[in-house]
Every structure is written in C-alpha cells, then in structure tokens.
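Right, I'll just put the structure down here and ask away after.
Lettered A, B and C in written order, each chain numbered from 1.
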Amino acid sequence: MIYDKTLLLRMLKLMLTIRNFELNVVDLNAKGIMPGFMHLCIGEEAVAVGACLAIDKDDFITSTHRGHGHVIAKGANIEKMIAELLGKKEGYCKGKGGSMHIADLSLGILGANGIVGGGIPIATGAGLSAKIKGNKKIAICFFGDGAANNGVFHESLNLASIWKLPVIFLCENNQYALSTSHKLNSSINDIAERAKAYNISGIVVDGMDVKEVYSKVLDAVSETRKGNGPVLIEAKTYRFLGHHLGDPNNGELYRSKKEIKFWKENRCPIKKLKGEMIADKLLTIDEFNNIEASIKDDIKNATKKVMSYPLPESKDLYCDLFTK
Amino acid sequence: MATEVVMPKLGLTMLKGTVIKWRKLENELIKKDDILCEIETDKAVTEVEARVDGILRKILVNVGEPIPVTLPIAIIGDKNENIEKLIEEAYQKLRKVKILEETSKKDKFISSATKEKHSIELKKQEDGFKKISPRARRKAAELGVDLKLLRGSGPNQVVIEKDVISYYQNHYNIPKSTNRAANKIPYIGMRKIIGDRLSQSKFTAPHVYFSVSIDMSKIVELVKNFEKNDEKKISINDFLIFTVANVLLEQPYLNCSLINEEIIYHKAINIGMAVALEEGLIVPVIKNVNKKNLFDLSIETKRMANLARARKLMPDDYIGGTFTISNLGMYDIEHFTSIINPPESAILAVGTIQKKPVVTKKNDEKIEIRSIMKITLSVDHRIIDGVKVAKFLKRLKYCLEFPERFFNK
Amino acid sequence: MREIFYVEALREALREEMRNNPDVFLIGEDIGDYGGVFKVTEGLYKEFGAKRVRQTPISEATIVGTALGAAIAGMRPICELMFIDFLPLAGDQIFNQAAKIKYMTGGQAKVPLVIRTNIGAGRAAAAQHSQSIHAWACHMPGIKVVLPSNPYDAKGLLKTAINDDNPVLFLEHKFLYRMKGEVPEEDYTIPFGEASIKNEGTDVTVVAISSLVNKAMNVSKKLFLEGISVEVIDPRTLIPYDRDAVANSVKKTGHLVVADEGYMNCGICSEIAMKVIEDAFFYLEAPIRRVAAPDVPVPFCPSLEKLCIPDEKDIEKAIKLCIG
C-alpha cells in the first residue's frame, strides 16, 4: 500500500497530540489539579490513530476507560476534553462524565466506558441500527485483553456474527489487565483465534505500527460495510505507564523494569513512524520538532484557557437525568 | 354477687356489636329488664336489657368500639362488693390495660357531660404513654383544645381527630353563625346502615321497573266483610302478601338472589313487609308465607308490625327475606318505585287504592267505577328479565282481580 | 366499549407504534414466530419480519446492551426480558449504562429504550421465576418504572413508554395478561407521573401496585358493605411518581395502607410511606401499614407460595389495623 505524505503527517500529528495530551494529564495530576482516576494510553497511540483514520466521521466508536486516544483520534476537541477532565461545566459532558465517560455524539463517539466490556454490546447495537436503517455506517468497538474474557464479549460476538452486523471488534491487547498478565488470564494466547468460535475472521496486527493497523482496519472496514458481518482484530501493543496514574512505578509490581524499558525504547509507535518518514525523505528532524513543539503549545494554551472556566453549579446536579 | 353483662349474640351471623349509647350511668341502680344500653350490629340497632337487679358497678367498653360477642361490657353487682378481680378478668378478656383508679367516678359514657365531671376524672391518666395521632394534635392546636383532657377512641386507645372534635363540640360554645346555617344531625346508626345498603343495591343491580294497574274492587269487598268479624280482620296488605307468595310458588323466577356469581333460587318464600318508622324503613320478614293460610298470615303480619313499632324486633326477624313488598297506600301515594333490598332481586311497590272510572272488559264495553291500585315491580335485570316479570304480574293481577277463583278458605 | 385482554392491549400498542415509526423494533428471546412466552408479540413477526422482530440467543446482557446501542444511535428499540428475575443478567447494561449515559455525557445522548418484562408469583415457578424486584430499578436514578394494572392503562402507558426518549422499565404482571377490560378503539396515551384514583373513599387510602390494585378494589367493595369507605389509588408509574395525589388523599382520610408484591424490606411500600410522612404527617391518625411479600425466596410448594403473595385478606387486615 502506498501512503501519501498528507495521510502520514496526519497520523504523526494525531499520535503526537495523544502522547502530549496524556503527558499533560500526568503533569496536571501531579500538581493536584486534576481529580479522579486517569488511565493513560501512552504507547498505544498507533492503535487508536490507525483505526480511527480508517473510518468516516459518521461511523461509530465505543471506547474504554483508557479512551483519551480513541476519542482524540476520532476528532474530539482538545479544549473540551481538558475541560471535562477538570470537571468544568464547559467540558464535553458538562463535567458530569469525567475521563472514563467522555463522549461526542456528533462525531459518533458513543462514549468511553468505566465498565470493562461495557461498550461491547453498545457497539453491537450501533451496528444493528446501521443494518436496520441500511445507512452503511459501521462501528468500531475498542476493548482490551481483559474484556475478551468477559461474558458480554462472547455474547456480542455471537450475536453480531449471526446477524451479520457491521461491527469491527478491535482488541487492544496491551498484555495486562491491571496487574494480571494476559498469559495468566486467557485460555488462548492470540485473542483473534476466538473469532473461529463465532465463525468470523480474526486478524492479528502489530499495534505499534500505525500503518499496519490502518491498512488492516481499512480492509476489515470495507468487508464489513459490504454486509459480510463483523471482524475481530487483535492489535498487540503495550502501555508504557501503569494501569492508572498511581500504579506504583508505572506497573513495576507486575512487569519487569527490563520489559518496560524494552518497549519504551524499541517499540514506540511514534519513534517508528518518525524514523520511517525520515528514511523515506517525507520528513526532516526539524520539521518533526516543530510539529511537536506546536502541538505542545496548543495543549498548553488550551489548558491555560480551561483553567479559568467555571465549574458546574449545585443546581446543575439534577440536569440531564432525563430527556424532557 | 356481681355478674358480667356481655355483648349479646343476637343473630346467627352476628360476630361483633358496638355500644352506641349507655342508658344507665355507673353506680346507678338497675332493675331486671331495665335497658342498659343500645348496641349497633351490621343489621340494626337493638337494646340490651339487664338480666339481674343490682348497681351498675363498672362500664367496661367505650362507646363506638366494636366488641366481639360474648365478651363482657359491664359489671352489675352489689354496692360494696369488691369487684377488682372481676374487672381484671374482664379486661384480660378484652385485652385492655387495667385502669388503676377504679374508685374514681369515671362516668365517661355520659353523652352530655358537664365540665365539672370531666375536670375531676381526666386529671388522672391511664398507665403508660397516652397516644395521640398527629392529625388529632393538629386539630387540637387549631381548635385550642387541651390534649390532656381527651380520651382516645381510635385503635389501641389512640386519641384521634374525632375525639378532639366531639370534645370541642360538647364543651365549647359553637359560634351562632354555624348554628344558623342548618339543623345538623349526624348520619349514623340505623339511618346510615339503611342508606348505605340502599346505595349499594341501586349501584350494583340494574333496576328495571314494571307497572300494572289492578282492579281491587273484589278484594276491597272481601276485606269489608272480614272487618265485621274483628278477630278475623284481614287487611289488603295480608291479601297482597298471601297472593304474591302463592304466585311466587307457581313462578319461582323472582324468588332468587345473585350471590358470588351464582343465582340461588330459594326454596322458602319469605316475604319482607316494609314498615315505616320515624328513623327509617324497617323490613321484618314473614317466613314461609306459602305454608301459611290467610288467617295465620294475618296474625303474623300484625304481630310483626307491632314488634317493629315497639322497636322490639330481633335481628333474626330481618334476615332471610326473598322478596319484599312496600306499601305506601295508606299515605295516598298513587305510584312509586322501590329500591331492591339486597340480596333479594325484586321488590313490589304498592300504591293507594283509588276509585276510578274504567272501561270494563265485559262483552259490551261500559264505564264503571272500580277500585284501582297501581303496583310497580322493580327487578334486578341481571337475573330476571321482562317476559318472566310480565308473566308474574299478569298472574298476580288475575289472582287479585278474581279472588274467588283463587282463594279457597 | 369493547373489552379486550391485557395481552391484546399490549400487542396493539406494539403493533400500532411499529406501524407508525420504522425506527421501532423488537428484540428478545422467543419473540418471533413463537410469539413470546406470554404471547405478547404474537403475530408481529408475521407482519414485520425478522428485520424488526429480532429473536435472539440467550444473552440478556447483550440483548439490553445492543438495544441500548441502537437507541443511542437513533432507533427506538423495545427489548423483552422473559422474567424480571433475568434482569440481573443484564444488570450492567441497565444500571451502569442505560440509566447513566444521558447524564454522564452531559445530556448529549438520547436513550429511547424500552425494556419490557413481567413480575408476579403464583405459578409454582419457584424462586428464580417469581420475583417482583422492581424496587431495584426505583433505586436507580435514570430509569423510569411503569406498572399498568389493567388493559386500558397497559396500552396507554406502553405507547407513552415507546415514545419517551428515556430508558423505561415496563413491568407487566403474569396474572394480568388474561385480564379483560375496556379499551377504546381510538388512539390514546396515558402520561407518566399521573396516579389514577380507581375508587373514591373517605376512611382509608390504599395505594396499590400492579395486580394488587384489582385486589384492593375487591376489598373496597366488600368493606363498603361494612360501612368502611376505601380510596384506592393506582400510581401507575413509580418513576416518575405522583406523590401529591397520594398526599392529598391521606390528608383527607388520615389512614394509609400500601400494597406491593415485592419483598417487604427496603421495598416500594417503605418509600411510598416515607413520602407520605414527609408530605402529610400531621394528617395521620394511625401508623402506616405495609402489605408486601415476606422476605424469603418464593418457595415451590403452592400452599407455601400462596403465603408469599399479598392477597385481599392481607389488605383487609391492614385496613382494619388502621381504623380498628
């Protein structure tokens, strides 16, 4: 497949945005400004970006508790995201949802989800709506290796298969469900193998290679849009930080220092794309640095702006419980 | 020797009774057959008489509290007897808390108590915490009534709103303005029972009415003849009851009741005979009319009417009716409709006998003056329909218009 | 006016709304040709086909979750849970997802989801098929809870539920399906949050839920002959709840009996009683009485099971405890 420069730049910029957004969260959290739990996806940027660029604005995604990357890749507004994370009234969810429940319905983002596997049936339903309406939309369902052992995963794959629903079940296998390794949790090493049990195709991709993710997802998307039913894609990846901010030493209680170091230094998706683009003479180091600096600036400015936003008032407590 | 007065069981089905008025006060002298109190059952109001002579030493139950039959309601004994134990036993049966100060003059059941008497008795509290409902408190605050002065008539002797209101009405000047508005009497007792039963009947059974005019001239003649013989005085009403019963025997379709989704055709023919009293209509029942001859029937109807007017009817005298006749002829009413007396399914309303010019159905039509009586039969259309009624009325009319062909004495 | 069965009234509501709006579809177990275990959906598969009457495998969580996803994506699904006892299987999708998505997304999402199921014991179906645990849903902000007691209310309320843009738990009663009642031919709906005074009275207020409304009515007729005037109120919807109607009634009568088929402890009766204490304490003459099921699992043996079903005698006893 030939990738044009525009697309590659877009991929790079999105991954850098995600990376620096997350680093900003680390910073704000360390300063005690950001409340609650943060589950960061540093290291997994390629999965979000490769997948979301392969679908349209109209298509749906459901995300997980580790959803900042998915949501940014689908086109969410950084300022509104930071505002939501800080619980501001101007946030995506008026401060009511927070990190784990960010959503932008206008972009087809049906929400990050605080329950492991919670979004899987919802994505199945979104696919069902597309099928009944016949509007050719599809849904990408992001979930992790942990969710692949949960009941709803099996129920949803089965249902999507028998009804041939346009859903791409994208498993982001970062090899650890909180502190338990995938090896210990799972009856099978390649989650994609489970596709056989549901009579659908299962593909393993290198989740650190944004181009591979993109091309494989694109293939799956075209199959699915034709009405051939769902596809299970497993992207092998790794999270560089702990399960959540506060996980001691970024997960060293259950992962070896050596392993973490290896992935950070040798398998970073941004470094990989950067290297490839430079090698192909599509990018210079200076250009890269400028891009990164500009992104860092944008995020810094957005953060500054958001800090002055108001918090929700007490009277807002009961708002948006029911649609009138 | 002190004895208990118990709540009497005055009918097969009676389970509870309520004292609505004490006619004697505590410590009053009682002679045998004196009326002690009035009790209300679900059928009527009855008087309870003393069976012994003595002093009414203790009244055990409140006015308005339903008491199961055979439980004690008062104690009659000698003036100086120690009845502590008897009271305790009685209260145990009634499951009440024993009142400690039984020596005080607690004449709480006097209907129009004076302020003095109340202030003596009510300073003494019962054992335990006096329960007052929130609603009663609110009312007491509103009316300015001192809660300490109240006795509770609610379940578990809770002071309830009506206790506050009745205390207020008995003890405080009711402003003249409310008096001027209307003459009020409470809708209670027999009136209420009758009223509620009538409502229920009217709203449950779809009433349909059939009227027919009857030439009673021959019967009128017969009655005149009997009048000459005083002992054998037979009234128009007696003829009516007798005839109706015998027609019902021939045509039993109107002698039935709808009970629990079953239509029961009664074997017995028990005719209720409506008697007007000041407080309302009483319907004593003549049982098995069809088995009586006209003279026995006449004796029975007189007896019942007398008992009714003397307020001496027993509950068993009102139950078991299968058909009712209501006669307002003596009040000159020409025509009216009655409400069925449940669980019966028909009632006959009888108007006055008037002399009227009629066209006779003899061979050549003539105008004659005859005694005409209009009757209207109300039936429950759920279980009785038009054709059957028509047949019945036709037959009844015939029997009354040609008694010579029908009666055999 | 014509008289039809409760089950027919429900079916009519479904059929009419499905005809009116192509976005309405049904999803559940055995609802196709089989017509549903209580025959509510009989004939609908024939008319609307597999596209809009979707019979599923046994996957409660995914049934509700898929319906939820479709609802968020713009459709109006009606999912069926065979018995309320199966509700816990879909617990996450109902309580953590459906009830909360509108709120968590700051109002962005609209959740026009109807979950139909049934309550009630009496068929010797034992503990796992005989419950009335609608109190769980009342304890969850974000779900509306509807309980029709007769065919007229059933049709009107179901139509309102289908057109409501919020998650509605619609609770039918096993023993009411064969109840006949007057239902007009013309179209009508019944609003939520409006109680129905089934019988006016002056001595005691009885608030009854679902099938107990009819039992309370029978008791009121019987007690009328004894000179006791009973006011029977059917709230029809527990969320939203017409607390004013009940409070006004108790202000008039001074006495309250609440009857519901759920378990006694922490049940519906307690909440209704407490609201009356808040609104009308100073109008009460006696303690409020609750009539509910004993706090045990429903036993199999019919004579024991009977003890777990509040009946007319229980209601009458409670009334007499109040007024003596």
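The rule we apply is simple: a contact is a pair of C-beta atoms (placed from the backbone, for glycine too) under 8 Å apart; a residue touches a chain by one contact, two chains touch by 3 or more.
What you see is a predicted model, and the numbers here were worked out from it, not measured in a lab.
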{"item": "Most contacted chain pair (by C-beta pair count)", "value": "A-C"}
{"item": "Chain whose average C-alpha position is farthest from subunit B's own", "value": "A"}
{"item": "Geometric centre: closest chain by C-alpha means", "value": "C"}
{"item": "CA centroid of subunit A to CA centroid of subunit B, Å", "value": "84"}
{"item": "Separation of subunit B from subunit C, taking each centre as the mean of its C-alpha atoms, in whole Å", "value": "45"}
{"item": "Geometric centre distance via CA averages, subunit C-subunit A, whole Å", "value": "40"}
{"item": "Touching residues (chain side subunit B, partner subunit C) in the complex", "value": "42, 65-66, 133-138, 154-155, 158, 160-161, 192-193, 196-197, 200"}
{"item": "Of subunit C, residues touching subunit A in the complex", "value": "23, 25, 51-52, 54, 56-57, 59, 61-62, 64-75, 77, 92-93, 96-97, 101-111, 141-142, 144, 164-166"}
{"item": "Of all residues in subunit A, those that touch subunit C in their complex", "value": "60, 62, 91-97, 101, 103-106, 110-111, 113-115, 118, 120-130, 132-133, 139, 151-152, 155-156, 158-159, 162-163, 319-323"}
{"item": "List of subunit C residues in touch with subunit B within their complex", "value": "224-227, 254, 281-286, 321-324"}
